[in-house]
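This structure is in structure tokens; I'll ask about it shortly.
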Amino acid sequence: MLDKKELLKEQVIRASGVNPLKCMRCGKCSGTCPSYDEMEYHPHQFVYMVEMGDIETLMKSESVYKCLSCFACVERCPRGVEPAKIIEAVRLEAIRQKGNNHMTANDIPEKVNDDIPQQAIMSAMRKYSK
Amino acid sequence: MRKISLKKIDSLFSAIAENSVLYMPVDTKTGAKFEQWENGKELSDSLNTVRSAKDFFFPQTENLMDFKVEGKKIEVIDSRSETEDFVVFGVRACDVKSFDVLDKVFLAEPQDSYYKNRREHGVIMSLACTKPNETCFCTTFRIDAAEPAGDVVCYKTDDAFYMDAKTEKGKKLLSALEGITEAADDTAVTEQQKLTRERMSKLPLASLKADAFGNGKTKEFFDRPEWKELSESCLGCGTCTFVCPTCQCYDIKDFNTGHGVKRFRCWDSCMYSDFTKMSAGQPRLTQLERFRQRFMHKLVYFPTNNDGMFSCVGCGRCLAKCPIQMNIVKVMKKLGGNSNG
Amino acid sequence: MQEIKREVLVNKASELLKNGTVDRVFGWKKGEFDYDITPALFTTAEDIENEFVWGDFCGANFSKYLIKETGKSENKVLVFLKPCDTYSFNQLLTEHRFDREKVYAVGVPCNGMLDTGKIKSSAEGISKVTDNGDKVVIETLFDGEITLDRNELLPDRCLNCKSKKHVAYDELLGEDGAVLDSNRFDEVEKLEKMTPDERFAFWQNELSRCIRCNACRDVCPACTCEKCVFDNPNSGVENKAATNEFEEKMFHIIRAFHVAGRCTDCGECSRVCPQHIPLHLLNRKFIKDIDSFYGEYQAGAEVGSRAPIVNYTTEDIEPGDAVRRNENA
Amino acid sequence: MQVNEYKPLIVAFCCNWCSYAGADLAGNNRLNYPADVKIIRVPCSCRVNPMFILRAFQRGADGVILCGCHPGDCHYTSGNYYTRRRMALLFSMLDYLGIEKERTRVEWVSAAEGAKFAETMNDFAKTVAALGENKRLEDLRCKK
Amino acid sequence: MQRIGVFVCHCGTNIAGTVDVKAVAEALKTEPGVVFSTDYQYMCSQAGQDIIKKAIAEYNLTGIVVCSCSPRMHEATFRKTAAAAGLNPYMVEIANIREQCSWVHKEVPIGTEKAIILAKAAVAKVNLNAPLTPGESPVTKRALVIGGGIAGIQTALDIADAGFPVDIVETKPTIGGKMAQLDKTFPTLDCAACILTPKMVDVAQNDKIRVFSYSEVTEVGGFVGNFEVTIKRRARYVKEDICTGCGLCTEKCPQKKVPNEFNLGMDNRSAIYIPFAQAVPKVATIDPNHCMKLKTGKCGVCSKVCTAGAIDYEAKDEFVKEKYGAIVVATGFNPISMEKFDEFAYSQSKDVITSLELERLMNAAGPTGGTLLRPSDHEHPHTIVFVQCVGSRCEACAEKGKEYCSKICCMYTAKHAMLIRDKYPDTEVYVFYIDVRTPGKNFDEFYRRAVEEYGVHYIKGMVGKVSPEGNKLKVQGSDLIYGRQLHIDADLVVLAAAIEPDKSARPLATMLTASMDTNDFFTEAHPKLRPVESPTAGVFLSGTCQGPKDIPETVSQAGAAASKVIGLLCKDKLTGNPCVAHSDEMMCNGCSTCEKVCPYGAISYVDKEFRMPDRTTKVRRVAVVNEAVCQGCGACTVACMSGAMDLKGFMNKQIMAEVDAICK
């Protein structure tokens, strides 16, 4: 039977529908990522860490929530690997584990900045407009 | 002479069908056809079937034997199977006569065991004609349509069905049907026969005579100039020979099934360009010769070898089916010119 | 009833014989009854006078005879061609099967030839058949007279006559007709609408009656091979009798395929089949497919036309789609 | 897995220049396809006569597939165009006679498409297996 | 009955691995006609072939079946073996039990059973084989080279050197191709023009070589040794034989605003132009879309000025028909278009250029006269960023890029970086790379000198985005080894664009019936053993039309193609393919159905007298096949209804026997 680590990896791959083996580690996704600096792990590392099966560290790290879902990495990856979807799957994985919610509901109001368009709406529009 | 009312005809059929398979002519969209009886199927009252009853005794294709070949070793497998008893009902006089012609060929020494096997298991219940067709000319060959031969001769009048056993097999069959049939005299039958014979004499081809042909006339007809005109539009297809009840020529073929060889025989037609093709080639090279062979065989060669019995029974099928409407009647009229007035 | 009377043909024939344009005439000769007309070769005027027939049973198509006949002598042979015969005439010319100079073709307009099969199945003991315009009177020996509507006795090829236009003649008796848009493909469409099982059962039943007499092959003006593959022992498909269903199907599939694109739909095969198998439905299926896949094409319409099966374009339909097309057609 | 699990017999006519080379390429790349597919080499797909296809069915084949070069790539310029026309008419006629149309197929495979060749053979074998034994075009004498 | 020998090859473990070869040999012993059956380690080896020769002699075999690899590999080998042993080479059949059996079926029982069936099919076929002798066809001693780049030039020179006349067809007004546009070439940094122009001059002066410039091939007929090619000579409006190439007309021409393709549109040229100084043929060409005279009828300055009177406004396109024995394809490559890569802002800023444009900028004959200046404001660039693998190594289904590596970009980028650092030491050069691929002689040392001696900054990581800001280009890329996102304000960004075959390749392939792969590169007969030949006999491949390659490889492949052509042209007779159609006169209807389907027009008709079966004699029209022209496709055999037309080597009966053996 798959042990916990492989089960998680299989879950992420199946949820994201992405084959990490296609990545030729060119780094273009990180090169184009607007929130590269805030992130502890960067898009090309997401793919590599999922490939290596080390998903726990990803789920614990903050960088998973720094992703703006701008999909620039998906758009520009020459090999059609979709890092944004992988990180989306990792986030879902985190949420699914009980009590691991990144924010509680009442944290949100003060984080909302009125003149920036709602990030969730923007990312949903980008995600589902493809 | 036994009798059964027309209304109970189905019970007669089911009785016959109890101990042997019953075939009878049934109407289909393209003419009458011999089919195995099941209750609900009615007897067709059309004059004759499209395909003659020859098929029951001399089928179009018949498996003779199988061979198994392993390297140099050949093993012969006899694939003959004992045919079960069967009764052919509703055979007209001309078709019954054709069985005699076939018997002359297949049952003469050396006997054809395949034919003999089927012939022994078959019981013929012939049916007298009441309404002959314009293409009928069985009288030319001295066949009495009103009184056909056969194991059991049947007559169908308006209300009843008369059966008269003529042979051992016929008697045995009728005795088995004692229960549902009753004795009867033959007044209605003779009266029907008189009507039919009177009708036969009024047929357009009734006056056709065959006595110009027959035994020993080969030299007289062989080189007649009329053959050219008669045969010029013949296509050389095999229709006349394949619908004819008395044609008895067959070809033997082998079929390699991949894991053995099946040797079978199938009808052949003297009209085909590769009929009786031998190592020296084809004996009859032109269509005229092949055409002549067919009709000379019917009218001259067969009677010569079989003490005067013609091998045509006047059923009229070739008159109806030939694509170019050339047939034995036109040949006889053309060649035997004088005798038909 | 035919529009052109017998006398017109007889006079034309004897006139051409007399002035030497032709030395023999292909025509129809009287038989025993009204309906059994035999194609024959007349050489003298008085033969024509008393034996030549032109009526409602002259269905035979002479084109195929010309292959042998033109080889027999140097001078011309007169042949009477109905509109559908002229298509076969042209198709044989396209295939260089006979020398056009050796034939003097006279076009005869035709308004349908009666189907002996239908007459025989509607009456028994036929002594006389008289056709007066739209009714046909059949005198029988024992059942008195039967009058039937002429259209009921016409064969399918005449009911759905595809063209009254003569596409080949040296001389034409009467005026030339026009190409008609017949609904000759209705039967085929009806079959196509059936489910595969029904179609299989239909053809199984029809083809099982085949007695392999080769009448359809020997009468067909498109089947003119010197030695047919089915007669040639080393062709690999040599076959004299259909020992089982497969061989019945194979003979008819291969024959229909060989005449595909060359069959002029003259209907002779169905006319002569002793077992009344609707063989024209096979050839019409190919014609319908060719028309729908590669554009209207009538074999024999003009000499030298290139049959669709020996032609191609770069955008033809893929076989997979061709088969699926029938599903929703 | 029953013991005599029915395995379809498939005859593949492959044209020497493209699809046969595609089959070889599938071999080079060790791509797998069912062993019941047997390949016959013909100079061009236009060499396949309807008689061969009917012969295969008669002898017990359950499916016949004809592979050729992509239209336009034929080594003999127009070979596959004729195949396309002939097979369109033949398949339509077989369907007209009620024979399952999935039993016959034409596929264009170039010399560089080893993967497509293997995939086509797998897919075709699956379709034919789904149809079961060829009952409508079989010759009983050739059955074991 | 034939006496057949069956030889089953182990092919090391390739076959023996998943097929029980002993069982196959055993099973074949009982096949009808087989008198000898054995197996051996390597049938195609010398020892293997000796076994065959010995068996033929010992068992006086009349036919042999070799169960081995694909006939496309060793059919010729085994036919030679049979011929050497005195057996007709066409009595040999190959059962493909490697590529189509052992390699595709893993389980031994299944593989063995299939191998036996395939072997039996081959035996069934050889049983019906008849000895064939190949016909012969003459060879036109002239070659055609399509494409006038370095590949075409080198091939033509080598062929002419062997004494055979050659024609070069080039679509541009001059030969020279892409190499003429380059500045320096790696790894020796010698200037492209210096090594190319002497060869172009050799071509001009070599009387065996005829150049059809500004022309294209429109039609190819015939077959190996007898090609008939139609060449369309586009109207040049200048008489080639009179024009001296003085260039006076190009100066005087009033229309100066035509974008110059030679400099990739970075500067302009006049309507009547000579592409570059060393052009061969050194003849002016009028561009019909921009010449006032041709468009509106006004002007005509050039004809007035031309001292030699070489201008001819009435010129029309000319079609020339020529016969050739061999054709060499050298259609070359083009960089792919950069429109789809808007993340690098190629279409937004003039300072984002491709490497070929950089070549022109650095070239003395280029738009900036050799000094490297920014195309936007002609300033000297201080920071230059090179981006590697733009459009190469992309995912197959993305229509943007190409799946393959274009092979030459790493070397020419190192060359550019080195030259820039050498000429302008004050410039900072960054190269964003995924991997640097510099295999080959002195290649890696070249790349190391660029890094170590010239201080080029090689950054492992890909540029994500280039956004023009002011007169700077903000380049944002990842530096994977350092693990940071790098932001560089560059003055110039050079994209190493992927290369693809020239657009004229696809229609040409259809004309030549040569096959192509999905990226439009010509497919070679065999990737390892026959890289310069196309599967279509008589067609040879030279240069990047067959796949990405650099100049050294192109020249060596050009030489190889030339040697193949010479090998073909020095033969007087070509043994044709004996598997040609043959018609049985007795059965032929003369209906010319076969003539209509024959793609080569190999069938003609003759009237012959025959003794007919019914004792008459008749003159009949029968088909006759010209065995030299027929290529053996077999279309006629199916079109022929009566089966009179049959194909030697693939007879109807043989194929049916194979079908029977397979379906047993």
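So that you can tell them apart, the chains are marked A, B, C, D and E in the order they are listed, and the count of residues begins at 1 in each.
By our rule, a residue touches a chain if its C-beta (ideal position, glycine included) is under 8 Å from a C-beta of that chain, and two chains touch if they have at least 3 such contacts.
What you are looking at is a predicted structure, and each value in this text was computed from that prediction instead of being measured.
The fewest steps needed to get from chain A to chain D, moving only between touching chains, is 2. Path length between chain A and chain E in the touching-chain graph (shortest route): 1. Every chain gets a centre from its CA atoms, and the centre nearest the mean of all protein CA atoms is that of D.
In terms of C-beta pairs in contact, C-D outnumbers the other of B-E and C-D. Taking the mean of C-alpha positions as each chain's centre, the chain lying farthest from the centre of chain B is A.
Between chain B and chain D, the centres computed from C-alpha atoms are 47 Å apart. Centre-to-centre spacing of chain D and chain E amounts to 30 Å, using the average Cα coordinate of each chain. Between chain C and chain E the centroid-to-centroid distance comes to 55 Å (mean Cα coordinates, whole Å).
Residues of chain B found to touch two or more other chains are 255, 258-259, 273.
Annotation for chain D: residues touching 2 or more other chains are 50-51, 55, 59-60, 72, 78, 82, 86, 141-142. Multi-chain contact residues of chain C (touching two or more other chains) are listed as 229, 236, 243, 309-311.
All chain pairs that count as touching, in label order, are A-E, B-C, B-D, B-E, C-D, C-E, D-E. Against chain A, the residues of chain E that register as touching in their complex are 343, 389, 393-395, 397-398, 401, 432, 434, 460-465, 476-480, 483, 485-486.
Partner chain D is touched in their complex by these residues of chain B: 255, 257-259, 262.
Within the complex formed with chain B, the chain D residues making contact are 59-60, 141-142, 144. Partner chain B is touched in their complex by these residues of chain E: 30, 32, 613-615, 660, 663-664. Those residues of chain A that touch chain E in the shared complex are 22, 24-33, 36-37, 42, 44, 72, 75-76, 78-80.
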